[in-house]
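Next up: some structures, all given as structure tokens.
The following pair of complexes shares a single chain, chain A, combined with chain B in the former and chain C in the latter.
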Partner chain A sequence: MNNGPKQITLEEWDERYMQLQRLGLCEVGYGGVLSRHVQDGDYRLLRLRYDNSAAALRLWNFLLTEEERLHQGRAEGKKIVGTMKDLGTVPVMAYSLDNVVAFYPDGAWWIPCMMELSAGLLEVADSLGIDESFCPVRAMLGAFVTEAHFPIPDMLLCSVGATCDDFSAIAQRLNALGYPILWWEIPHRRNPEPDEAAVRLPGGFLAPQSQVEFVESELERIRAALEKTAGQKLDDESLSAGIKRANKVRKLLAKLRNATFTADICPLPALEMLIAEMLAIHFCSDQDETAAVLKDLVEEVEGRVKEGKGFLDADAARIFWVNPVADLRVMNLLEECGGRICGTEYLFSHALDTIPENLSPMEALARMAIADPMVGSSVDRAQRICADVQRFGSEAVLISRIPGASHCALEGEVICEIVHDKLGLPLVEIEVPVMTDSIRPKLQTQMEALVETVKERRKI
Partner chain B sequence: MMTAAETEGSIGRVEGICPFARTFINEALTNQQACGIIMTTLCDQMRRGFDIVCRGNTPAFLMNVPNTWQNTGVQKLYLEELNRLGRFLTGLGGKAPSNGDLIKIMLEYGSARKFILAAKGHLSSRQYSEAIAKFNQDGKTDIEKHTTGKEILTDGIPLAIIGGPLLREDLCLFDVVESCGGLIVLDATETSERGMCAQFDRRRLHEDPLMELANAYFGSIPDASRRPNNQLYDWFEQKLVCRKVRGIIFRRYVWCDIWHAEFYRLKQRIDLPVLDIDVSGKGEALSARIIQRIQAFVEMLR
Partner chain C sequence: MICAGVDAGSRAIKIVLIDADNKQVIANGVTDQGVEQNNLALQLFERLVKDNHIKKEDVHSIVATGYGRNIIEFANTTITEITCQAVGVRRLVSSAMTIIDIGGQDSKLVRLDKTGKVRDFVMNDRCAAGTGRFLEVVAERLQVSLEHLGEMVAKSTEPATISSMCVVFAETEIIGLLAGGKAKEDIVAGVQTAIATRVMAMAGRKIDLPIIFTGGVALVSGMKTALQATLKENVAISPNPQMTAALGAAIVASDQLKETSR
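Showing the complex of A and B:
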């Protein structure tokens, strides 16, 4: 159905869309021409470059219609659960109930970028005392106050403890504005003591059994609260089925990541890969559709790999990317500089690892929650990055700092030191604000230097 | 109580880090006397700082201090962390105390706290805060050391100061306030009486001293980092009324998100003028900028 893989503009997508329709494009309900989303205020779309496949079209339309799905869910009488910070665990529980839709208000951090600051969310946050010294996730406060971006949830949950201070402080501010929050504790994951019972977590880390048990007890509180909100029993059987469905998504994503990151020629651009990975966190408010979207992408990528088709030259520098970016345009920039993504750690690798199915569901979820890279030390995170760098054959590491984020001040130093000592790879640390237009030349220079370094090293 | 000037060190140039966390980390990396370093998870930057400190030569321990406090699960976690801390200390050569020994030392500390709190009216505001900070550091109550023989100021516009921990050089803030015609009657920074735990319950102390220790510390110290942190406001409001406070100095470190986020809430919730002072931890207590702002604030309250 597709022409050769190509990155195209939004304008070019209009033409491409008509071409696909003529060729018999089958779309689901939320489908349509991509440029219509600009009318909703998503002006950043005009400056991005997109993969030209029907699978990518479905991915973008799915992402950009989430708000409609949330409103539709409410209209159908479903309960809306806003789950904050844990990035992946609570939605697995919520989607085990058939009348609950869960989403992350944290996702509002992309609104200022997508709407090119036209929504005024950061100004609202400023007016509430949460200024630019905080992470861009402060846009979430504005989204709650304006009530213009997602329906106000029936229930709000937030993990605290081993989380970043920005988010915890902003969530507390939200709470003080009158939004009730059920706080649950996630302790800092530590190494087991020599004689202490330990368990292996998804992703490979070890944790003391006692910590897993503690998290399980916290998740039990969440289970009770979800049952109360939903008016339904959330039994182990439903949870096990929910875990299986989540794993279906995770397995598809693992396939997609593996095929894309290890291909000789890059078969799917960095931007679409980032969006695809984000789906695993809360399924973009529709678990089954997430699986369908990913299945399309896997087929597209596998087809391209088989035919040896893709983007960029085969000698594109293979970059491992650490942390998500507030401005999506930066993902395009890497490719313009001659790099491609071969491995990522976007702060939620625990949402990508398969959840154990041979344990009681609550213990399995507790193990997943405490495997969160943010919950453990930067040393652990660096070790995981090293393992994935080797697995995907990355040639350099790019750490993208999030402005104002409490974890970014120190983690970069630890990660750089460990990755450099262990693998001797070139590294660069950049900072990506909500809108990078004014610092684009600087970022471009940094990325080009990294790409050049990689290519020079190949000659040695 | 740490001194920022002594701690120019390996992470001195890192941007975006809270000055107190930076000071602590640099001190921990360069200190030659400590045989162990204990940090807590109360804020993310200190938790991340542990990743750097633990790679140094001195054994280091990170204690999980939960942010939530409402259920028995987190209280149990805190108790387990106290036990783990005990194992770390015995690993460094310490001796595990019997219950009797623990009770004795808890009673000694309890009496010392009472003694310091009772001395409030006999010390200047700076001496009082200094005495508490010293006690927090080494458990000593040599209050005489903190007295200067100078007459203690008792009049002045009553002010409160609130925020995270102070550094040694910040103590001159108390003098600055007094020289401007104000008087700090409530020090609600972390290194002050706000950071002192509740009195021990004698009956419970004898029944289970470790549990009582956990109750007194985990259960009673109000802090901005707690979720939710209403206890902090309840405590603060009650003290403000008791001490007839007329204005509040909100002192925060730049990049300290936990305190920074509370500023507007405090202004909205408490019907008193609030002065926001952000410091970078470089001994700015005496900077012209801060002195002038305090002068203007006190002037406005006259």
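Showing the complex of A and C:
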């Protein structure tokens, strides 16, 4: 059904959509032409370039209809749970209940970019004292205050402790505005002492048994709160089934990542890969549909790999990308500069690993939660990046810094140093604000120079 | 055969013409940057070829680099100034391992490997605090010319402490320092130290020697001393520092020409 892989504009997608329809495109309820989302105010869509496959169309439509899905869930009487500063643990618990829809309010950080600042969310945050010295996630505050995006959740959960300082401040401000939050603590992951019982975590790191037990006790508090909100028992059997469903998503993502990053010719652009990977942490408010969307993408990518089709030439510089970006245009810029995505670490690599199914579900979830890169040291994170760089054969590393995000200011240099010392690869650190239009030439220079550096190194 | 490198920087356009066979510089020139970037570059190019009795068609390959490289319509291709600086500086200083390039709006630290290829690089972020713009702001505020900043620094007895984080904050600080009676010489010295501090932050903990300082700001006297004092390492100014990226672009142009004619 698809033409050869190509990146096309939103306008070109209108034509492509009609072509796909003529060819018998089968769509789900949220399907339709992509350009309709611009009418909702997502003006940035006009400036992006998209993969031209039916699978990518479904991915984008799925992402861009999340707010509708949440409102529909509310109308159907489902309980809405906002899981803040949670990169993949509590949603697994929430989706183990059949009348709960969990979502990720932090995802509102993309709204100012998508709506090209027209939504005024950052201005609301400014007026609440959370100015641009904070992470762009502050847009979430505006989304709560304006109520113009997601429905106000029935329950809000937020992890604190070894998480992001900015987010803690933003969430505390939200709390002070009258939104009750159930705080749960996650400690900084440390290496076990020699005489301490140690536990192997998903992803390979070790943590003291006592830390895992502590996190498990925190998750038990969440279980009780979820049961109360949902009016349903969240037993181990339901949780185990929920873990299996989450693992289905994770396995599909692992397949997608492996196929995309190891292909000789890049089969899927960096932008669509970012959107797809983000599904691991929040499922776009529909876990089953997430699996269906990813299955389509995997089939598309595997088909392209088999036929040797993709974007750019086989000599495109293979770039490993660290940290997500607020402005999605920057992902397009990678390909425009002659680079291709070849490995990622978007701060939730633990949510891409399968959750152990041979343990009690709460212990398995606790182990997963404490494997979060953000609660470990930057050194651990760098080690994981090194392992993935080698696994995928990346030739350079690009670290995208999020202005205002407290962790970013500290860890970039650590990651650079370790990756350089261990692998000797070129690295560059870029800063990507919510809107990059005015600094695009600088970003372009940095990315082009990285690509040039990779290509020069090949001559040695 | 002749090749050209055009460095369309944020404050000035620089062009170098070289003999592609021996890579010797035939001519070079500089003009102020402006709104009509392509026209300004073209005028400079035409002036250079005319003054040196070269026919335009004898220039077989032109590479544009710098901030405005994509606007230079008469170039055959574009290469970033990071790669071009590495090539240009290495041509002039074959042992260079670290390049500090401070231009009008950007500052960069480029680390080279033993073969002279770029190992990695760091660029300043959005703020102009570590760039030539900072010096321009202070020169305007103190009503002195850029050329005289070095002389002033030499007379400084107690350099002021000025923020290296933000030019706008720093300008406010300068107003405060002037109001407090601080000597202009000490303020200029403080600004140069602030720029050097910003560069040091880009360098991180490891910096390979020798360090070569290039870019338009290398022409401002006192900056080399400020960098040396802050980095606690020797810093050498590249020969003809304003031209190194354009030279690198011309060399890349000649290399590309040779490859395509093989």
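In this text, the second predicted complex is superposed on the first by the 460 of 460 C-alpha atoms of A that agree within 3 Å, B and C clash if a C-alpha of one lies under 4 Å from a C-alpha of the other, contacts with A are read in each partner's own complex, and residues count from 1 in each chain.
Please note the rule applied: a contact is a pair of C-beta atoms (placed from the backbone, for glycine too) under 8 Å apart; a residue touches a chain by one contact, two chains touch by 3 or more.
None of the values given here were measured: they were computed from a predicted structure.
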Pick one for A:214: touches chain B only (first), chain C only (second), both, or neither. first
I'd like to know which partner A:439 touches here: chain B for first, chain C for second, both or neither. second
After lining up the shared chain so the two structures overlap, which partner does A:242 touch, if you call chain B first and chain C second: first, second, both or neither? neither
Could you tell me if A:428 is touching chain B, chain C, both of them or neither one (first, second, both, neither)? second
Identify the partner contact of A:453: answer first if only chain B is touched, second if only chain C is, both if each is, neither if none is. second
Check whether A:267 is in contact with chain B, with chain C, with both or with neither, and answer first, second, both or neither. neither
Specify the partner with more touching residues on chain A, choosing between chain B and chain C. B
What is the contact status of A:413 with respect to chain B (first) and chain C (second): first, second, both, or neither? both
Where does A:162 make contact in the superposed view: on chain B (first), on chain C (second), on both, or on neither? first
Across the two complexes, find the residues of chain A that touch chain B and also touch chain C. 413
Sort out for me which residues of chain A touch chain C in the complex. 413, 416-417, 420, 426-429, 431, 433, 439, 441-442, 445-446, 448-449, 452-453, 456-457, 460
Within the complex, which stretch of chain B touches chain A? 11, 14-18, 41, 43-45, 47-52, 54-55, 62, 64, 66-68, 70-71, 73-74, 76-77, 80, 84, 87, 225, 227-229, 254-258, 260-265, 267, 269
Flag every residue of chain C that touches chain A in the complex, lowest number first. 67, 70, 79-83, 106, 115, 117-123, 125-126, 204-206
Looking at the complex, which residues from chain A come into contact with chain B? 128-130, 133-134, 158, 160-166, 168-173, 175-176, 181, 183-185, 187-188, 190, 193, 210, 214, 217-218, 221, 377-379, 404, 406-411, 413-414
